[in-house]
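Note that subunit A is present in both complexes that follow, paired respectively with subunit B and with subunit C.
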Partner chain A sequence: MSFAELGKAVRKQFFYKFKLFFGLFYSLVITQAIAIVFSFNGTGSISSGQIGQIHFYSADIVLVFTFGWAFISALQLTTKPFRDNEYLFVFNRLSSHLSNLLFLLALSFIGGLSAYLSGYLLKVAVYMFFDFQLIGTNDITSPAVVVAGIITIVLYIWMFASLGYMVGSLVQFQKVFAILIPSIIIGCLILVALSESEAIIRIGKFYFFESSFLLVFIKTTATVCLCFLISAVSTNHLEVRK
Partner chain B sequence: MEVIHCENVTKLQGKAKALDQLSFSIKENTITGLIGRNGAGKTTLLKILGGLWRETSGEVKVLSRRPFNSLYVSENSIYIDDAFHFPSHLNLKEILREGERFYPNWNRTLAERLFDYFEFHPKQTHANLSKGKRSTFNMIIGLASRCKVTLYDEPTAGMDRAVRKEMYRVLLKDYLEYPRTIIISSHYLEELEDLLEDVLLLDNGKKVLHLPMDELKEFAVGLTGRSEVLLQWLRGKTILHQQNAGPNELYAVVKKEDISLPEAQRLGMTISPVSSSDVCVYITDRGQGGIDRVFR
Partner chain C sequence: MIVVSVIVYLLIFIVIFAAAFALNKLQAKGGFIKALFFSYAGLLIISSVVYFVLPLEQAEKAAIKSDGPSLYHYFETGQTDKIDPAFIKKQWDFTYEGKELLLIDNHNNLPMTYVEKSAEENLLEITYYEKPTYIDGYNISAYTEGPNITLSADSLMIADYWNEEHAIFKPEFPFRQFSDIRLMPDEWGHGEDIIHIRISEDIQLQYEEWQNIYLMGE
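What follows is the complex of A and B.
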């Protein structure tokens, strides 16, 4: 198997997947629309005696919802009905993983871009439909910063997508993960809520409190690569169309 | 040149052996019929050859490579069955277009002509087709892809007799025009007789026979005669099948090479040919008495 052969197959599968998984874009629109509705209440507020209450509006909720959407969508890609559709024509496991990796990046890009823009949509909607005084829009920034911001968002979404992909692949590998992984996630959430577990909060800070763009890039892509490596190894012997 | 080569291939499904130490090889540009009863291992074998499933042990070579996880084999082989899962939101024309994008030797003219001939509607979806229509469409994909190795797993399931006959004809014509290695598994051996060059008969995951169609036609003869004479004469020889043919009359099927026909004639037996599909049924019979045993 040469690289040229592999590249050709990956390219064909990538475009095929756009047609195949078009439904994911509908779910993106719905997810983000719901998130915008939730955001109308503001993502934060300060009360002050003199000027009343100040609400902050941002795309934060949309972003978090998009993370969830990416996770679930990627997880779906690994399930049997999706795989059966995928493994119809020319494929092998490696080409399938690589095209999924790229497809999820494309999904993340579209999801990230629309999440970013939904911040503006939200401000316009609030301005139009509510009787608020607009204090500042806080987005007079240089194009470079905007581009870096969008890329960062895309990378974070891609990371969540690859996490979902890894979880899905592990479940395909061993059904016991279907119980194990949700238990671990819920357990961690309880740990954070009850005892503010230091380790888990540190993981969160490691990824989301990073101010250097380069470091964000390295951390997220490294995580993505690790997730895909685990997925590839765990599904290497998977039989299709059973 | 050998296109398909299997040596001691075993496939476990749970604890059961779907394929058991199977060894055979198939030459380039031949049509082989894969025959066997339900559960004989036909689908398992074809799925392993197509690279969809993984053999448990043994060596499988398709186009000199191991098919599982091979991009090369995937591009040069196609596996067609009736459980093809096409995406529900692509219509039939779009599916054909995708096939064309993936397979380098795709014959668009043939695909479109067959598509029109069998009266498919371009905007139909695969899920809404009837069973026979679905099989017809799948077969069009198999024909048009023109892969070096084409594997059909009961391609005619659900088709009516007329369409079946037409499809066999298309298969043969296209094969003559563009020779390739084809394996067909089917329950209708008598309909395939004129199409097949070789027959591979499986039973319980094992190879029973692998011989040219012409030899299979001559494999066995049926003898009818007085029971005691017949049984006496056939003592020590393998009787593939026997049944009462009347009072004191017995019909027995034996290998042709085991007996001498002139002698049978001399003993006053009636000799009749046995069709290849009957031979396959008799060889893979589950013991004396058949289904009647259940009601005893």
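What follows is the complex of A and C.
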């Protein structure tokens, strides 16, 4: 297959998948709606007798839920019912992976943009439904920070989607991963909750506390590439339709 | 007000949903999903526009007024006349002719309250002093009202203390990581507040032991 043919195949599969898997946006809307409801309580609060209680509002919870949505959606792409749907259009394993990579990027873009805008929905809802004295703090004034922030949201979602895709591919490769990976994830969550693991906290800081946009870009895209490489290698032995 | 807002919000969503649903004509299998998704997208866009026209009062960063001794120092040493009048937030002047006055509050929570007896007759003068609380350089006290004090029959009600609720909108964490903004404040300059009651010496003030009330000069 020539490079041009590969490009054509990837494009065709991408648009086909976009139509076929549009249902994923249903779960996106539901996920973000639930996250917005959870956010009504505020992302944080402080109180004292003199000033009463101050609630801090941001769409952080929506972002975290969207990460989860991206992970699960990507995982679903590797399951048999989804793979069977793309059967007619798959030219080879590489074109399938590349179209999935682009499809997940498109999902991340839509998920990221809606998560970002949901922050405004949350804040307008707080203004309308809650009897709070609102204090504007004019926090972000630089357009560069806004653009960098939106791109970073998309990159983070893409990274989580790639992780989900990798996990799905590994499960295809060896069924034992279906037990092993959830066990590792649950174990890690327990360790984080018990504040027992410095390593996991360092991984979190490595990605989410980085203040250089360039480094965030490099770290997330490198992780995405690594995940897709592992996915490609792990599914290399499989037939196009197993 | 809240009910009206909810109804308006729901109406907006229903109108967009109906429009999107009609556009899709429900022909395609995913018509419902498309209608739902585009309704949600429409709601997000409308909310974004609405947010920028909200009458949000923007706080200004201010220099922290922490100079000078604490308010408590002035009261403990009986030098209330030396307190900067800028720290007076509210004042009440009542004429009370009774001999007994019951002090009550509606949240079992009062700031430090100093009572000063005076030879003046029928005097009931109350001053609420406040040194501002700053959060990340913003004077939050500028947005608080302080307690409401009312006199009725033989009781003095100090209400609405610790009862105010405020909201501060923060950007999401991917924006915060590229700026020096934190979700929770790094700097929290705790202020002080004191209620000063000047009362005729022939009026007996009644209060509970757990209320933060101190008699000056005793």
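In this section, the second predicted complex is superposed on the first by the 233 of 242 C-alpha atoms of A that agree within 3 Å, B and C clash if a C-alpha of one lies under 4 Å from a C-alpha of the other, contacts with A are read in each partner's own complex, and residues count from 1 in each chain.
Just so it is clear, a residue touches a chain if its C-beta (ideal position, glycine included) is under 8 Å from a C-beta of that chain, and two chains touch if they have at least 3 such contacts.
All of these numbers come straight from a predicted model, not from anything done at the bench.
Asker: Using the overlay on subunit A, decide if subunit B and subunit C clash or can fit next to each other.
Answerer: Here subunit B and subunit C can both sit on subunit A without a clash.
Asker: Between subunit B and subunit C, which makes contact with more of the residues in subunit A?
Answerer: Touched residues of subunit A are more numerous for C.
Asker: May I ask you to decide whether A:N236 touches subunit B, subunit C, both, or neither, giving the answer as first, second, both or neither?
Answerer: first
Asker: Looking at A:A9 after the superposition, I want to know if it touches subunit B, subunit C, both of them or none. Which is it: first, second, both, neither?
Answerer: Once the two structures are laid over each other on A, A:A9 reaches subunit B alone.
Asker: In the overlaid three-chain picture, which partner chain does A:D84 touch, first (subunit B) or second (subunit C), both, or neither?
Answerer: In the superposition, A:D84 touches subunit B alone.
Asker: So in the superposed three-chain picture, is A:G23 touching just subunit B, just subunit C, both, or none of them (first/second/both/neither)?
Answerer: both
Asker: May I ask for the angle at the C-alpha centre of subunit A between those of subunit B and subunit C, rounded to a multiple of 10 degrees?
Answerer: Taking the centre of subunit A as apex, the angle works out to 150 degrees.
Asker: After lining up the shared chain so the two structures overlap, which partner does A:D131 touch, if you call subunit B first and subunit C second: first, second, both or neither?
Answerer: After superposing on A, A:D131 lies in contact with subunit C but is clear of subunit B.
Asker: Please give the nearest C-alpha separation between subunit B and subunit C in the three-chain superposition, to the whole Å.
Answerer: Least C-alpha distance after superposition: 5 Å.
Asker: I'd like to check the shared interface: which positions of subunit A are touched by both subunit B and subunit C across the two complexes?
Answerer: Shared contact residues on subunit A: 22-23.
Asker: Under the touch definition given earlier, write down the residues of subunit A that touch subunit B in their complex.
Answerer: Residues of subunit A touching subunit B: 1, 5-6, 9, 12, 15-16, 19-20, 22-23, 81, 84-85, 87-95, 236-237, 239-242.
Asker: Help me check something: in the complex, which residues belonging to subunit B touch subunit A?
Answerer: Touch list, subunit B to subunit A: 47, 51-54, 69-72, 74-75, 83-87, 89-90, 94, 98-99, 101-103.
Asker: Would you mind writing out the residues of subunit A in touch with subunit C in their complex?
Answerer: That would be residues 22-23, 25-26, 28-29, 32-33, 42-44, 46-60, 63, 114-121, 123-140, 142, 145-146, 148-150, 152-153, 156, 208-211, 213, 216 of subunit A.
Asker: Quick check on the complex: what are the subunit C residues that touch subunit A?
Answerer: Subunit C reaches subunit A through residues 1-2, 5-6, 8-9, 30, 33-34, 36-37, 40-41, 43-45, 47-48, 50-51, 54, 56-59, 109, 111, 130, 133, 135-136, 138, 140-141, 143-144, 161-175, 177-179, 181, 183-185, 188, 190-193.
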